[in-house]
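What follows is a pair of complexes built around subunit A, which joins subunit B in one and subunit C in the other.
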Partner chain A sequence: MASNLFIVVVGCGRLGSHLANRLSRAGHGVVVIDRDEQAFRNLSAEYSGFRVEGDATELAVLKQAKVDQADLVIATTRDDNVNLMVTQVARAAFSVSRVLARVFEPTRKPIYRRLGIESICPTSVAAELFLESMAATRSLEDSA
Partner chain B sequence: MKVLIVGGGKPVYFLCRTFLAKGHEVTVINRDQQECVQMARRLKVTVVHGDGSDQRILEEAGAHGADAVLAITPNDQDNLAICQLASLQFQVPRAVALVNDPDNEAVFQKLGVAAFSTTRTIASLIEQRTALDEITNLIPAAEGKVNITEVRLPADSPVAGKSLRDLALPAHSLIAVILRNGQALVPRGDTQLQVGDRIVLITLPVNHGQALKAITGEES
Partner chain C sequence: MEASCGKEPVLIVDDEKNIRLTLTQALEAMELDTDTAVNGEEALAKLADKPFGLILLDLRMPGMDGMEVLRRVRQTRPDIKVIIITAYGSIESAVEAMKLGAVDFIQKPFAPKEIRGLVTKVLNRDTLQAAKAKGYGTHIELAKKCIQQQQFEAAQEHTRQAIAADATRPEAFNLLGVLLEMSGNKLEAQKNYRAALALDPTYKPADENLSRTTGLTAGGGISLGR
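After this line comes the complex of A and B, so read on.
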């Protein structure tokens, strides 16, 4: 990843805070948005980015987080629809060049790919890893 | 027409009643089981319990054959997802979303989803009621290609006392409704205009100014 990107992370839960901490430590400019102030406790002491308390489906909150200047927007909330809306709004209203959405429901992927939204489905990713791990175990057994 | 409504509360209840009264076939999707039971008891609608932004629920509710989908939940993100699924996955010809944040109206339009904001509508109604100006722009229709304007006939109006058929209204303009003493009437050629009438005028932008001038007698 190029250095010194400006990245907006939506949602400061386990995944959002983890990403924000890592990206901040790697030297990127980071803003985290969450509607619950308590969620910012998940950020580490080294996190040097900004925190915006608010609902990211409100246009004014995205403006406050300076989404218009972002190189990348990552939407990690628990709600698929929030993630899909925020990433689409980031592209259409703020011309953000790259967006990533966490989407739990795997059947939605094709539609949003058509709309130009890159999505990552934790369920599919985890399933792949489990299957790979199982295959590795089996081949170990086979060779034994 | 087959209408699919996603949402809950009184707005959905009364919308259903309105659509049913007009002879439309209505299906409602609601997340709250209690409310689903209530609605099924009180109205002649098909009720589906579940998340309206879930493809399977939309399918179960007959999205494939629907003529229109109306997404009016309190969450803009859900309304957007519902309308996008309806038009992209189920080819529903008309999908309309309620936006709770009025700023999202323009954004949704950009994303190709027809949207309306009740906040904006109510705010503009209130402004109209309190406006001192005699001319109020009601709504731009057809993406601004048509103006609907309300005009109060001033005391010195050149058209007061004249019948509609004697008016020199420019082409592409129409007096659609006259509001007189709290009554709305659809005028005919022999209807006479009176001072104090509120006229609902439909014009195209090209001669909007001329039409207004013909009625108020002023430069606008």
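After this line comes the complex of A and C, so read on.
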């Protein structure tokens, strides 16, 4: 990853705050958006980025967060549809070159792909890792 | 991106650690010598010790607020360049700060590129005085510099010369509007903002200034334009 990017993270829950902390520590400029001010408590003490309290589905909030300057927008809210909308707006209205969205529902992935939005599906990822782990265990037992 | 001409040291004054960190990181990439202060008192103490060329100053701080720091700084260092850091939508003191010679503002949040661009521009402003050929752009920059040094008559003169050089561009009218607004004449200021927009309807700074003074948008800074 290039150094010193400007990254906007939408949603300051467990995933969003974790990403924000790590990215900020890596030296990138980070802005976190969340509707709920309490969510910013998830950020570490060393977090050196900005916080914007507001609804990311509103253009004004995205403008305030300077999404137009972002190299990367990551949508991590709990709602797939919000994540889809935010990343779409970031690309279409603000010409952000790279957008990433968390998608819980695996069946939605093709839709996101068609819209040119990179998505990470925790459900699919966890399933793969579980299955790999089971296969590894089984082969260990077989060779025992 | 051109390097800063004067590599004068920069003092960052903000009570928030994340702002101090972000700014230090951004400016160090420009090979500038930076120092930080957590409040007004520390800022004034450090200013007395070292010949800083530029201060990045947050207006809202607990204890001695940014305006008070600015007032005191202007007494001992009228020449020092100042960039004001404001929170989103909270620039009521913009006019006050401008009267004290702060012409440049940056609103949180900002991308590293934004602050670097602004710092470069502000640090480079001095070299314009050496420019022999006085074109429109030069007059505009000199006008802004005069506002910064509280030489308002000189600023007005430069703005007039800019208009004489090219009456079809919006920047000078926007600056005239700003000067009028600062002297308390909001109606005349708005006429000039409208004149700027008549020349170029896409000229954002005049649009922002007009919206702000007509109360269409809540908050917002005084836009001098690039």
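The definition used in the following text is that the second predicted complex is superposed on the first by the 144 of 144 C-alpha atoms of A that agree within 3 Å, B and C clash if a C-alpha of one lies under 4 Å from a C-alpha of the other, contacts with A are read in each partner's own complex, and residues count from 1 in each chain.
Everything that follows uses one rule, which is that a residue touches a chain if its C-beta (ideal position, glycine included) is under 8 Å from a C-beta of that chain, and two chains touch if they have at least 3 such contacts.
None of the values given here were measured: they were computed from a predicted structure.
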(request) Following the overlay on subunit A, give me a clash-or-fit verdict for subunit B and subunit C. (result) fit
(message) How many degrees, to the nearest 10, separate the directions from subunit A's C-alpha centre towards those of subunit B and subunit C?
(response) 80
(request) Using the superposition on chain A described above, determine whether A:Gly29 touches subunit B (first), subunit C (second), both, or neither. (result) second
(message) If you tally the residues of subunit A touched by each partner, is the higher count for subunit B or for subunit C?
(response) B
(message) After the superposition on A, what does A:Ala93 contact: first (subunit B), second (subunit C), both or neither?
(response) first
(request) Using the superposition on chain A described above, determine whether A:Ile120 touches subunit B (first), subunit C (second), both, or neither. (result) neither
(message) Once chain A of both complexes is superposed, is A:Gln64 in touch with subunit B (first), subunit C (second), both, or neither?
(response) second
(message) Under the stated touch criterion, which partner chain does A:Gly49 make contact with: subunit B (first), subunit C (second), both, or neither?
(response) second
(request) Could you grab the smallest C-alpha gap between subunit B and subunit C in the overlay, to the nearest Å? (result) 15
(message) After overlaying the two complexes on chain A, where does the subunit B footprint on subunit A coincide with the subunit C footprint?
(response) none
(request) Spell out the residues on subunit A that touch subunit C in their complex, using ranges where they run on. (result) 4, 6, 27, 29, 31, 47-50, 52, 64-66, 69-70
(request) State the interface residues of subunit C toward subunit A in the complex, per the touch definition above. (result) 17-18, 21-22, 25-26, 29, 88, 108-114
(request) Write out the stretch or stretches of subunit A touching subunit B in their complex. (result) 57-60, 79-82, 84-86, 88-89, 92-93, 105, 107-108, 111, 114-115
(request) Please name which positions on subunit B make contact with subunit A in the complex. (result) 53-55, 75-78, 80-81, 84-85, 88-89, 101, 103-104, 106-107, 110-111
